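Everything below concerns the one structure shown next.
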């Protein structure tokens, strides 16, 4: 018999290296004659899309398009150290470093622009739509490219280099007390599963996933992180296991270590919850790792909802489910 | 660019901006490390231990050295500083005498072609004295058991222990009207990124060592390569090419130092490419964890106390284990306010494949335990899983088990509300 | 042995070993490195190419078997000036993350749409089921193929 | 190693005579085995160019399927979809599109893995296997062939399969760990007819429950003549448990498979066209 059930899973995740370790990201920025920009950072895009996030942030700060920002990353001869592509830290940490480095380049640009536009202070200047404008008097403006090339001919240079460090403290090794991570990301997912009571097979039919990431700098990429996280959660909960014999891996191939195929995936509804984090770039936190965490629990809880057995050891294999069902029917 | 491709939707920040590197990826132009080549490159292959725990009594390398196409056969004697690691340099580039896990590299063979390198690697004879291994972390953490890294961690295999103590556990139990106690277990996982490790290393026209690789942290790799080879940081350039998935599995050193060493010694460009099987044997894994959980709540559905013991199998090398078990301990309560907490988390060395970073980093495994506990408690209390959570979740101003006050963005309640309609009637139980 | 095959519309005459895989010939001899090796045993689909209109895993095809046949690799599909509708849809839907599976995915989708321009959702999923992805959870990949199917119709 | 690609059966047999030569069908199993050095060969005789081995055609009251017909070809064939439903379903469950495009029905038998997807289906469809050698053609029932080790003397060419078109219905189900690219952990094929509300001509075969796929005569006997109502499926499931239990004995997988087989048999029966909406499902 096939039985359906739904389960809820929640999780939290402290982003960053944490525990008082100096979690530092750095970036170099240069604004070119035509108003396009180079951002150099050690932060590596491992597929999650960090370079796109940095381009968006720099573009937003300078009133240009992301396509006009070239992000150069992960070359130790060229880029400053920005720490590991890990710990759900690049959007928050390196994003903040990019903002700070851009701010430096921007500060000299605004000072120059204030003079050029006869404004009393750089605070009165804004960068929008490829223009340098006086706040409140948008007709008083110059094209960004024109201003930058003119300034450069006069010997001005618009560069920035800065670092950002996330705030944490080391926990007391005797009591575990401290403020080890900041910020925390949160997520909640509901999974609907179908369990075959005769074969023990579980199919995950649907997952709704809500994740608080502070601010979705790129919703397209955020949705991609959630779906990818769910896939790894499905694998974790149901399929994957490195099997050992005397410490040696017995299944070191893709025909034996099974990850989900497209046909093993549920229908996904991704919901982006934006609780602004004031210290983040545009209020953003992070999403990469948290995306997979609630899936594990939602599936296990849904199995229980469907057939009334509690799986406490992962993966929830058909064998374990049948054994649990048999145990249950004895009672 | 092609003007017909629909571009950014919405503003710059907050917009559905298309990633620039996707162009090269859909066109097949993006270069992953296996795709880069250099004139005159040779191939290197590592000979890895099939045994999880062994002493090396001797090496016979003559046949391999004489084999067709072989350029160099390197051993631990060729490594100036034979260690690397993210927290402790406890992992040898090439094992000298003590094999601690199956897959430990022992000999490195370089040859003109990949086939010749593999053939020659097959001719290397390693004389192993197989030792009894420690495969169960509960066993390995007992006193008197042989320590795997005495020079670093002394007489114990426990590389890390963190207690998290909050409030008064006895008081918490006194207040608890309902208790749920269970053992949970998670398995060892592989990152299974689609792109197996590969690297191209060469000495450039400046005499600098260049290593092109897919990594999560080029600057770390540079430091470890420079250290192992006795070079200055500025003499080593780590250049990241396209990374075919990582998920934590490219944080530790895999092939980087070996390829760099071979290139430095032979002055030839050196290519290394793992097969999928070699990949399984050569990068870290997710920590299997055993978690004992005991949770108490009042009839009104307020959590009063949690006691948990978490043991993570670190495998043969520490990698990030201390940080991972710390993260497990700190996240052990889940996103809930619990006034009285005692958690003990341990990372224990064994002769299993070493475990390290993987998406979730120690905050993943406890989710199974704390969320199962919540559903079991809800059932005991006759509350819906949603309701029990809503009564206990962290909100702005909540204090975590480590005493941290959550001052900023805490969107747990919004997330729960957002998925509530998807729970429907089915899970009223 | 000598083989003659057409790769991306170009006739090639090559001297290969009988045990050599099509994958290696494409990557090592023709430097068409868009075809990836992920597992070497036909499980991941990263090495997918189209041979005579049908997708195959080039890690399990001998170059000798491809003698006399027409092979299309990702390099044969489109360029920056004129993307194939599937490539365009992958870009627009955000179906690319690390990108290692992408060439194989794109070719599986192309082969499907060539054969069946109006596939249903299930048909799309089945057609993509021989290509593993570890990053995307497949969601946006499926959307991309649906989108491409819509554009092919136009 | 060398490679030849003959175009006629006669040339194939001649090439196959030389010592150390192996026939190469699709290659999805053989090429991996060669690379892993599980199989040694001095040369390969590629069968792809022999046109007659690639045909599917109806001849009178039988369906002739060449050994080099791919799983994808079978899936795209209407005759197979309707007249040999079990085989069609087995093809659909096998591997993934790339593998179905390349792998052949002949290769599936020649490789003869315990989990070979097509064999239970071919068994219940009463397939006969056409074997060619210099001494001529022989036709051997698959069930009989599967009891031989090796399946045939070296140099023999597996030319194809002959399936009688009986008008009976058939079905198939497979239990795998995932929905695609899954090796069968257990598979079941069934063929039967309805006569006056009762089952007749019942055949049930299993895969991945022992060294080779097999037909269960016991099950056929127990099920023939039973009324095709809800109870039929239950009897089939119950009896299948006993069959699998006996077939697997003390194997580690036995405790699981002897339970799970009920679900597989239930699904196989439910996949039979006339059982779908009826009580039997």
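Letters A, B, C and D mark the chains in the order given here, with residues in each chain numbered from 1 onward.
Keep in mind that, in the parts below, contacts are C-beta pairs under 8 Å (C-beta built on N, C-alpha and C of every residue); 3 or more make two chains touch, one makes a residue touch a chain.
These numbers were taken from a predicted model, which means no experiment stands behind them.
Comparing chain pairs B-C and A-D, the larger number of C-beta contacts belongs to B-C.
Put simply, the C-alpha centre of chain B and that of chain C have 31 angstrom between them. Centroids built from CA atoms put chain D at 48 Å from chain A. A straight line joining the Cα centres of chain B and chain D is 43 Å long. Per-chain CA centroids place chain C at a distance of 29 Å from chain D. The set of chain D residues that touch two or more partner chains comprises 96, 179-181. In chain C, the residues that touch at least two other chains are 38-41, 43-44, 94, 97-99, 126, 129-135.
Counting partner chains per residue, chain A has residues 46-47, 49, 220-221, 229, 232, 253-255, 259, 261-263 touching two or more of them. Chain-to-chain contact here is organised irregularly, matching neither a line nor a ring nor a star, and falling short of all pairs touching. Residues 38-39, 41, 43-44, 94, 97-99, 125-126, 128-142 of chain C touch chain A in their complex. Contact residues on chain D toward chain C in their complex (touch as defined above): 1-3, 5, 24, 27-28, 31-32, 34-35, 43-44, 46, 48, 72, 95-99, 101-102, 179-181. By the touch criterion stated above, chain A contacts chain D in their complex at residues 196-201, 203, 239, 255, 258, 260-264, 318-319, 322, 326.
Interface of chain B with chain A (complex): residues 1, 7-8, 10-21, 50-53, 101-103, 133, 135, 162-166, 182-190, 192, 214-220, 222, 233, 236-240, 243-248, 250-251, 276-277, 280-281, 285, 323, 326-327, 329-331, 334-335, 343, 350-353, 357, 359-361, 363-364, 367-368, 370-372, 374-376, 385-386, 389, 393-394, 401-406, 408-412, 414-416, 418-419, 422-424, 426-427, 429. Looking at the complex, you find that chain C touches chain D at residues 1, 17-19, 21, 40-43, 45, 48, 54-57, 60-62, 64-65, 67, 108, 111, 126-127, 129-132.
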